[in-house]
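The following block contains the structure, expressed as structure tokens.
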Amino acid sequence: MKKFLNVPENFVDEMLEGIYAAHPQQLACAAGDLRCIVSARPVKGKVGIATGGGSGHLPLFLGYVGTGLLDGCAVGGVFQSPSADQMLEVTRAINQGAGALYIYGNYSGDIMNFDMAAEMADLEGIKVLSLVGNDDVASSPKGQEHKRRGVAGIFFIYKAAGAAAAEGMALDEVKRVAEKVKANVRTMGVALTSCIVPEVGHASFSIGENEMEIGMGIHGEPGIRRGALRQADEVVDEMMQPILADLPFVRGDEVAVLVNGLGATPKEELYVIFRRVASILKEAGIAVFHVYVGEYATSMEMAGASISLLKLDDETRRLLARPAQSPFFEQQQL
Amino acid sequence: MKKFLNVPENFVDEMLEGIYAAHPQQLACAAGDLRCIVSARPVKGKVGIATGGGSGHLPLFLGYVGTGLLDGCAVGGVFQSPSADQMLEVTRAINQGAGALYIYGNYSGDIMNFDMAAEMADLEGIKVLSLVGNDDVASSPKGQEHKRRGVAGIFFIYKAAGAAAAEGMALDEVKRVAEKVKANVRTMGVALTSCIVPEVGHASFSIGENEMEIGMGIHGEPGIRRGALRQADEVVDEMMQPILADLPFVRGDEVAVLVNGLGATPKEELYVIFRRVASILKEAGIAVFHVYVGEYATSMEMAGASISLLKLDDETRRLLARPAQSPFFEQQQL
Amino acid sequence: MDSIGKAELVPLFASLRDVFISQRDYLIDLDGKVGDSDLGLTMNKAFLAAYESVSANSADAVGRTLQLAGMAMAKAAPSTMGTLVATGFMRGGKALESFSSIGSAEMSLFWAAFLNGVIERGKAKRGDKTLIDVLAPVSESLGTSVACAATLPEALARAAEAAAKGLDATKGMIAQHGKAACFQEKTLGLQDAGATVGFLIVDTLRAFVAERKK
Amino acid sequence: MDSIGKAELVPLFASLRDVFISQRDYLIDLDGKVGDSDLGLTMNKAFLAAYESVSANSADAVGRTLQLAGMAMAKAAPSTMGTLVATGFMRGGKALESFSSIGSAEMSLFWAAFLNGVIERGKAKRGDKTLIDVLAPVSESLGTSVACAATLPEALARAAEAAAKGLDATKGMIAQHGKAACFQEKTLGLQDAGATVGFLIVDTLRAFVAERKK
């Protein structure tokens, strides 16, 4: 296990101490709990947006707490849900009287804890709505979207909902925007190597020296097909086909693209991937509004990548274009 | 070799095609040569700043072409210098009548080609000054600074010089600022795994399953000490000691910090590293103005990290704080 | 004792706490077969926290006290069962908000809400080899007891029997949820760990009321 | 042939190109011992580009033609040796700007400027096991020849001899620059690859002039 860490049990908390130490003007911890992260720049009267999930996916989840983005986040151990109580603390801290929206991924532990937190917040008179990201086309067939896992595409939901809340939209409206983005985003991933959970100490799964797994989840959940690693263009073709067919994305659509690295894949390779994505979209008559390339949702040091497409309309385009800023993500007005 | 690529020989050009396709509003290619990258938003009358070097280090080098940063960049094959001719093309393209400053790393191939380009530009009446980054404390002892390699600390030179040029400083002044930053930045790196050059197809060097190499260069150049990987805090201590002693950084100084990932190391671990850096600096009575954590200068998929410190004065603090924007790096006014 | 009043909640939760202390290693063992061995630890934490909450809030109305106990459990034990049991107590407590003591009818309301909470939270159904396979027969049995105007001790005695049967039936099921789901057929023959917790809670209630009756 | 005029440059660069085609594998091999095996390839590219440049610019003055050949090499082969040799041709050509043909004196000027260019560009010194260990004796030998009023064929014959000696002497040196520098003591006994290129250029000049003399 080639990792920079001290005692594996302390990994998450030491990482968080590092994050607070690095970004004291931007992030604060709520209720004295390191794992409850909130923006140090609260905005009065704004709808609060919270997320959360296991650690090990930086910049997901806490990396999107910032201006024009999310207001708070609870994180658990590596790949483990935070507690409902921690979510509740975050909810209390970000509540500005306008209620809160939870946006998180479709994992049973997270769902149970967020639902419970919402219930507890409700008892305290804080109105909470929830939205579960499920963009991973590989994880269940069409028609069973509710079973799909949430992966990198959640970035688009954060970005648009964050901009909507920053514009002053009410809770229902922010939720409506988030739902719209959720309905229009699709992702496929491919993994080349495993990651290592510090407390476990060895690879989470094994994969052959020349193998790839199309559709593997960000915790190593089984994908669609394991096979020999092929040329980048072929791999991209195999990923783009189900993405395009699923929504479907059609001639005349305008999209935003996210080519996401899972941890160990160099940015150079992500651009080799985008090159093919761009040519496929061009061929298909689909216009590209904006492109994000980099690490937006990782699995520790897993090598691999995912491609997300978001179909835009005037409103989501406007919201995506808004400036945003966090210690992990900055964007000027597009 | 678990990489997303097609024909290895085409890797660099396909990556560049991907980059131009992704960021058409921000980057343009000069003289019809993909490897000559210039800002798509030239600023009339401004001193031009150019850099260059081998591919495989993204966001170095071309990632810093942008607003408030650099104006152009020539890239070579993976870990190979671009040609003098390509540098000359970039120089021509970014020349706004105010001359150009070359900022690049201390590698003989790069030096030869940049010197040659400067000579050729001179023949054409373009005034060029050059500055060679040499921040890697591990690569030569004190007193032999001119032999030190340039690594991630060059980011600080880019940032300050880019801001200086954006402020309208003349060529000599921009060079003076760059020299000042160069004189005040120090870096140490540590590598845990090798990287793979696509055309070579296998690891550039071998390193044991539980080994690390302190001071290894970004192309795998030998470092100071190879030994068993130890706890993160000890590794950081071993890196910080020579950094602090070299300038030296002393009680009362104010610094900017860059914790840089070499490619495969998760951001989580970089923050575990920064946590220790912060506590060492606090102990030493050195104030921290701003912290950058992430991948700023990589070696493809090498696992490892580097720590850079820049000692600030009023001028460099002001310049570092200025906004900047490129497809690979964004910063709002600090 | 025909109903549980405000004053009895503290000793009741003390019993629950003690049961889960004594069953700690047994539950660790059960969860270890097709899970991650944490159930004994998390249930210990959960019921210790619940006891402390109930002690601190014993002046409140019963329903409120139970809700707060649920919240304390959620905080102390964010595991699957911790969250499900916490949910159960919160929902059960909410159902009893307008009552001052717990007789057979209230006990039936409590477990019906508890069961619904667990179903809603965990999205599992009967036969999936979970806690629900104990809770559902318990809730049904209590409904029948209310219809037959049974006393609380009688109702709980029958409920505990139903729980034991439900628990035994989990041996014949294949796990569909949580970590055990990965083991599929291999879970056949094993008694579900979470269902065991359900049985223990109900059986502790039975024993508590039976004891006080004397 | 006592001097090389404008018209001779095209066949001269054709010879150089052919020499580096025939020496390709030999140079790959030499560079492979303590380098990255690209020298045969890069020198091929460099001298092919130089030949094409000279063909295209054969109407220009000799100095100018040589400078343009250097620029073409720089463009075609940005490796260490590509850049150094390109610099040499650019500087040597610049030194000949005011001359219309190359006799002994001009040949001496050319190589002195070539040598200085390589030293300035590469910051290496004599004894560092590089190209310079061939260029320096070549330049010295040509200076002596000019002082002794030797003809061009004589001067080049002696220069090639000096080059061969210089090249042989690199075997006793330890590499200080480039990729070979990492191998330190292990480079002892090996002939330097870049110096070999220097020898080949000078020896090709010698052979070209000797051939034409007949």
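Chains here go by letter, A, B, C and D, matching the order in which they are written, and residues are numbered from 1 within each.
We take it that contacts are C-beta pairs under 8 Å (C-beta built on N, C-alpha and C of every residue); 3 or more make two chains touch, one makes a residue touch a chain.
Keep in mind that what you see is a predicted model, and the values were worked out from it rather than measured.
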Does excluding chain B break the complex into separate pieces, and if so which chains end up together?
A, C | D
Please name the chain that ends up farthest from chain B once chain centres are defined by their CA atoms averaged.
C
What is the distance, in whole Å, between the centres of chain A and chain C, each centre taken as the mean of its C-alpha atoms?
35
Using mean C-alpha positions as chain centres, tell me how far chain A is from chain D in Å, no decimals.
59
List the centre-to-centre spacing of chain A and chain B in whole Å, with centres computed as mean CA coordinates.
29
In chain A, residues with contacts to at least two other chains
none
Between the chains shown, work out who touches whom and classify the graph as line, ring, star, complete or other.
line
Okay, what are all the chain pairs that touch?
A-B, A-C, B-D
Would you pull the chain A residues touching chain C in the complex into a rising list?
76, 81-86, 108-109, 111-113, 115-116, 119-120, 123
Which residues of chain A touch chain B in their complex?
2-7, 11-12, 14-19, 21-23, 55-56, 58-59, 192-193, 209-210, 212, 229, 231-233, 235, 263-275, 278, 291, 293-295, 298, 300-301, 303, 305, 325, 327-328, 330-332
In the complex formed with chain B, which residues of chain D make contact?
71, 74-75, 77-80, 83-84, 86-87, 90, 120-123, 177-178, 182
